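One chain, chain A, appears in both complexes that follow, with chain B as partner in the first and chain C in the second.
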Partner chain A sequence: MKKKILVVEDDKHQRVLLEMELTRVGYDVICVAGGKDAVEKVATEPLDLVVLDIGMPDMDGLEAMQKILDVDRKLPVVINTAYPSFKDDFQSWSADAYVVKSGDLTELLNEIDKALASTTRPEAAEDEGT
Partner chain B sequence: MEEHRGRVRAHEDMGRDAEVAAAVAEAIEPALPDIARDWAERMHSVFSDDSPALRLTTEQYATGMADMLRLIVARMKDHRAPEPFERLETLTQRAYAAGLDAADFNRAWILLEGCLLDVVRKQHAPGDPWPGCVLVRGEIDALRLKVNELYADITQRELRRSEERHRQLLRYASDAIITVDPATGQIISANLRTEALTGYSGDELRGMSLARLWPDRERRFARQLFETMASAGSQSAQAVPLTRKDGSTVPVDVSASVIDVGDGPIGLAILHDVSERVELERQRRIQAAELERRVQERTAQLAWLTSLNESIIQSMPSPMLVLDTDLRILRADEKCLAEWQVGAEEVEGKNVVEVFPGEVLEQQGLLEAIHHVASDGGSRQFDGVRWPSPDERKKLLNFRIRRVENGDAGQIILLWDDVTAVAERTYGLSLLYEIGQAMQRTRDMDWLLHAILTCLTAGPAIGLGLNRAFLLLIDENAEQLEGRMAVGPASAEDAHRIWSDVAEVHKSLRDFLDADEALDTDHMPLHDLVTKMRFRLQDGEQFITEALATRQPVVMSDARADPRVSGEFVDLLGCNEFVAVPLTAQDEPLGVIIADNLYSGRPITEEDLQLLGMFSAQAGIALANAAAYRDLELGTAELQATLEQLNMAQESLVRAQQLAAVGKMAARVAHEIRNPLTTVGGFARSILRDPTDRENTQQGSKIIVEELDRLEQILDNLLYVARPRTVAFGMSDINEIVTDTYQLLRDDFDGETWRLELALAPDLPPTLADARQLKQAFLNLAKNAAEAMPEGGQLTIRTWRDDATVAVAFSDTGVGLGSDVGDEIFELFFSTRAVGSGIGLFVTRQIVEEHGGSIQAANNPDVGATFTVRLPIREGP
Partner chain C sequence: MTPVDPMRSALAMILAGGQGERLYPLTRDRAKPAVFFGGIYRIMDFTLSNCANSGLRRIYLLTQYRSLSLDRHIRLGWSIFNAELGEFVHTVPPQQRMRTQFYQGTADAIFQNIYVLQMEKPQYVVILSGDHVYKMDYRDLVAFHVERHADLTIACVPVPRHQATSLGVAQVDQDGRIIGFEEKPADPKALPDDPEMALCSMGVYVFTTEVLVRAVIDDARQDTEHDFGRNIVPALVAGSRVSAYAFRDEHTGAPAYWRDIGSIDSYHEANMDLVAVEPRFNLYDDQWPLRTHMEQCPPAKTVLSASNPGAGVIDSLISGGCIISGARVVRSVLSSYVRVERDAEVTDSILFPGVCVGHGAKLRRSIVDRGVRIPPGSCFGYDAEQDRRRVTVTPGGVAVISRVAALAENERERT
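For the complex of A and B:
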């Protein structure tokens, strides 16, 4: 079964890119443009991972992350941001990974894989086996 | 009247009286004017020249009488004709008024009779008692009688009138007029004023004894009054107090006399109320007394002031001379006389030039000044006038000259004070000051020590006037005093030579100090001697211990006899009188200077000691300064090094800060371009993976192009911040600029998720602007709006004219501004995590302000925010 990834990103073109690439490598992708929508989605749909931008108007990524984790404590979150400086922000430690945006999405994809693999969902073990 | 009528009837009874009368009338009538003239002339000859009867002229009489005669003739002709009574009355009144008495009047009529008879007689022979004459006589008689009656009437009338007038006068006179029976003293009558004055009524007064008005003490006066009256004399008295009915008194002037109006003597007393006058006099007396008192007071004051003056003058220390304007001595006070040892009579009256020595008066124009003050006034002061003195010591005086006014004449006051002692003290202090200055200038310790010694010995009036000075310093172990330096001539001959040099060349202390360029202590003349001086601090010479302990100079006037000095030292020094001056710096004893007057033999006086004491204090300070300076110099080098290090550290800090700023800037820039770059990178890689996928390539390329445009925008903003901008102003249409911007935005605001609306006012006037820069600013604002509504929304760009400005508003439906965020959003690098890089809005504001405009941001009432730019409308050059 395909894993479902929620992409939270305010930049339109980034959303297009991420959706395109993540779909290409075999994920189901849902995109939202802001933190509020993200929390809503997490509450209403089964998700396997969240890719989260930090620099967003209205609610910034870290705040959104806290709200998401309030809903689902175990949901893996990979931060994908243009800000390099928040890596050491204690709030970002709640995330499973912190990736600085790049034209080369390799690092992001790797971190997504790692985060999905380390979950204790039985489906993961099943996929690994196959 | 009756008698007259009787006579006339008698005539008529004669039978032929009518014929007679007619005949007489006939005779008189033609001669009427002549009769009148004749009568008038006779009047003039009968009466004396000064008689009132001759008041009228002959002419007037003639005319008057002619009229009268006409009337008489008319009566004769016809006895029914009216009697000329009216005429007679008028005549009589006039005569009376003129002052004619009855006798004169009668005489006039008789004269008239005579004239008429003469005329009538001419008609007849003389002696014939013609009835015509009788008739004339009768007529004239009748008239004469009538006139007399009239006269009497008039007289009586006048009398009555006069009486009445007098009565009125009396009654209403402003003085009290009392008539008194001189025999009894009783009041016969009193006028109204008397009633008012005395308080008694008219009835009470009549019959009252006049004496009642002056009872008691004035009784004597009343008696006198009576006696006067009784003896028909007259008397007047002034301000006699009259007692009124109610007992009060009023002062009156009384004049009493006796008059006789025909029925016996009557006493007349006239009383005049003089209370006003009395009061005035009383006040004048009081004033006079007051004046007298004041004058006495003044006099007493004056006397007191004079005596005070005297005491002051006497207690003043200055002798004083008082001169007149010709410079003659009016007065010399006691001190002056005592000083000159002369008596007052030897000095007073002499001119000032005779008592003051000429050489004194010539100094500083003293005599001229005295003349000047004498003629023009004012005051002058002369300090330091030298008075020749027998014992060669200069006596210095301060003169003060002043002019004072004494009534009409001026006087000159001459005072003088002996300031010799003061001058000497001042001189000593100024010398010390100079020395102190000299010592302060010398920083080098050795030079300073030498300078100190030189100050002591440089010579009389230049230094402190001692002959030789030896410096002994405490050694490092603080156990001994060692002789180090000495200044002064080695021998008496040397001394003499040096001092005569000084006298010729007038060297100053500074010259002395500057003169010794090479401090070659080893070759100084007294060097050998001073190095032999060595004392232990403990158990050493007692005079040294004392000097160091008391920190005061100690003088040995007779060293041999003084137990504080050892015999050996006296031998070594070679002088029986010397002084030891301690040197301390900041409470630490440094050493001792021993000085003497070997060559001049001048004794070291109390005053010298005082000066030396002050000198040693100054020397101590100078030494402390020099020591401190030395430490300072050492310290300074260290400080210099430290300062160098600090400077370097400062520089590195500044550089680090600069780097940090640059770093910060770089980080911001990096962040801002990261998104577009990663997007470009991502899509480029995607295309590269399969270039043949047309759709993918198309979509990717489109997005890449858009992102690259964004990057260019960012670069423009960066460049704007990084370097000075060249502005290119031209007349521009703001609407056109907005429309151009809109073209660029059309791809992003595609009308589906993001809508863009324009609401441009049609009447915008062109204004001076840089179109390219404004476009950049507007792009920034649009981008900012887009970032605020990432999930879509509407941006409205509105333009309108507002007075003298053009307004452009960017209104979005995004997340709006934070509630606590104000103008900071326009600051460079401002950001919350949510908002962008912080360059765009900053640049926008810069551009707007460069156009002389302003920009504001505010939340919309419903959703989103609006940024309003206002640009002033400017005409081109």
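For the complex of A and C:
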């Protein structure tokens, strides 16, 4: 069963790139452009992981992550940001991984694999049937 | 260059958000740390006095339930810190920054205030409870933590094993490193050198900040009780440097006085510890001043004692504004503006501010809430069955006369 990933990214090009790449490696991908939409998606759709940008205009990723985890504390979250400095913000430590954006998506894909492998939550696909 | 004083890089987080259910009805209208204690104090004053005396003067007080009187007390009594020196005490109600729920446990209270740690950037976080009675110099505790290069240091006292079932019990190796920890164990493990005693956590912790943040964040992602004793400490004991700090009397080396006000019976006992000729807990120690907020009161006064044989005040704490008029008060603690009228008897009891004990009334092993009027000739603490029909009676037999119970009783008297 394909794992379902929510990509939260305000930059359209980045969003499309991530969607294509994650779909190519075998994930079921849905995308939203901001933190508020992400929180709504998490509350309404079964998901296996969230890839989350930080610098977004409507609600930043750090704030959105806490709201996401307030809905589902075990949902894995991988931060994917252009800014390394948020790593020092304690709020970012709630994420399963912190990846600094680059042209090469290898690190992001590895962290997604690791986060999915270490999670103990029921799969989104199983939830759907119940 | 002299090393920086570790107290300057330490921050106190005082947990004052519990519901205090086991102290009900004393906590009906106030948070547990705001319950009156020792006549003029609130329970919280002891922890805050320790902070002030130890130079730990950057303090966040995490409040939650029924915090109005606590907030007011802190504002009126504890606005003593100097902001220009970086000192403060701030009360913080839940901010709902991380979660939309109230605090789900002690660890969750810290987790939900991670922003505070982000802002203050302390090197060490001293986590304290607002409902303990003791005198501790936190400088020694923090110095011990730094010297041991510990991730977490827990202040501990030896407690008889049969009492340890309601506390966190630590097992330590020869170097004082904690190698096992159980919260409220049914069969507490004994100290190696004393089979009758167990080493118990006081719920007083020093964390290196990053260790604390990682621990509460990890805990927040799991289905736990989000409790330091049940979850955080056992998890850290398994993989981090956790040290036990033995809380001792600096003069005698014996375990020092510490009371967790966990129940009305322990609250009553701790108050009774104050009234002995040589009290187990000394309020009159000028080396360790205990502060509070106290309204201006006229002096306590006793009248008509000479004309009434048996009247008098024996082994008691009497606060300002009290008038004891031809009555007998024995081993009791009276807060401000209490009236005890002619021929009344008050024994082994605690009377909150503004209580009036009517003519000929008798109280024994009773606690009377603020402003309650005990009807003339009535009796509490002598007949447990009769008391149970009217007021709260604890397992230890202490009668608690709340404002609501007193109103009902007065109505009954009138009909």
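Worth pointing out:
Please note the rule applied: the second predicted complex is superposed on the first by the 120 of 130 C-alpha atoms of A that agree within 3 Å, B and C clash if a C-alpha of one lies under 4 Å from a C-alpha of the other, contacts with A are read in each partner's own complex, and residues count from 1 in each chain.
Going forward, contacts are C-beta pairs under 8 Å (C-beta built on N, C-alpha and C of every residue); 3 or more make two chains touch, one makes a residue touch a chain.
As the structure is a prediction and not an experimental result, all values here were calculated from the model.
By the touch criterion defined above, A:S94 lies against chain C but remains apart from chain B after alignment on the C-alpha atoms of chain A. In the superposed three-chain model, the partner touching more residues of chain A is B, compared with the other of chain B and chain C. Of the two partner chains, chain C is the only one touched by A:R73; chain B is not.
Of the two partner chains placed by superposition, only chain B is touched by A:G34; chain C is not. For chain A in complex with chain C, the touching residues are 66, 69-70, 73-74, 89-91, 93-94. Interface residues of chain A facing chain B in the complex, by the touch rule stated above, are 10-14, 16-18, 20-21, 32-34, 37, 54-62, 82-86, 100-105.
Against chain A, the residues of chain C that register as touching in their complex are 97-101, 114-115, 117-118, 213-214, 217, 220-223.
The residues of chain B lying in touch with chain A in their complex are 667, 671, 674-675, 677-686, 699, 703, 706-707, 787-792, 814-815, 832-836.
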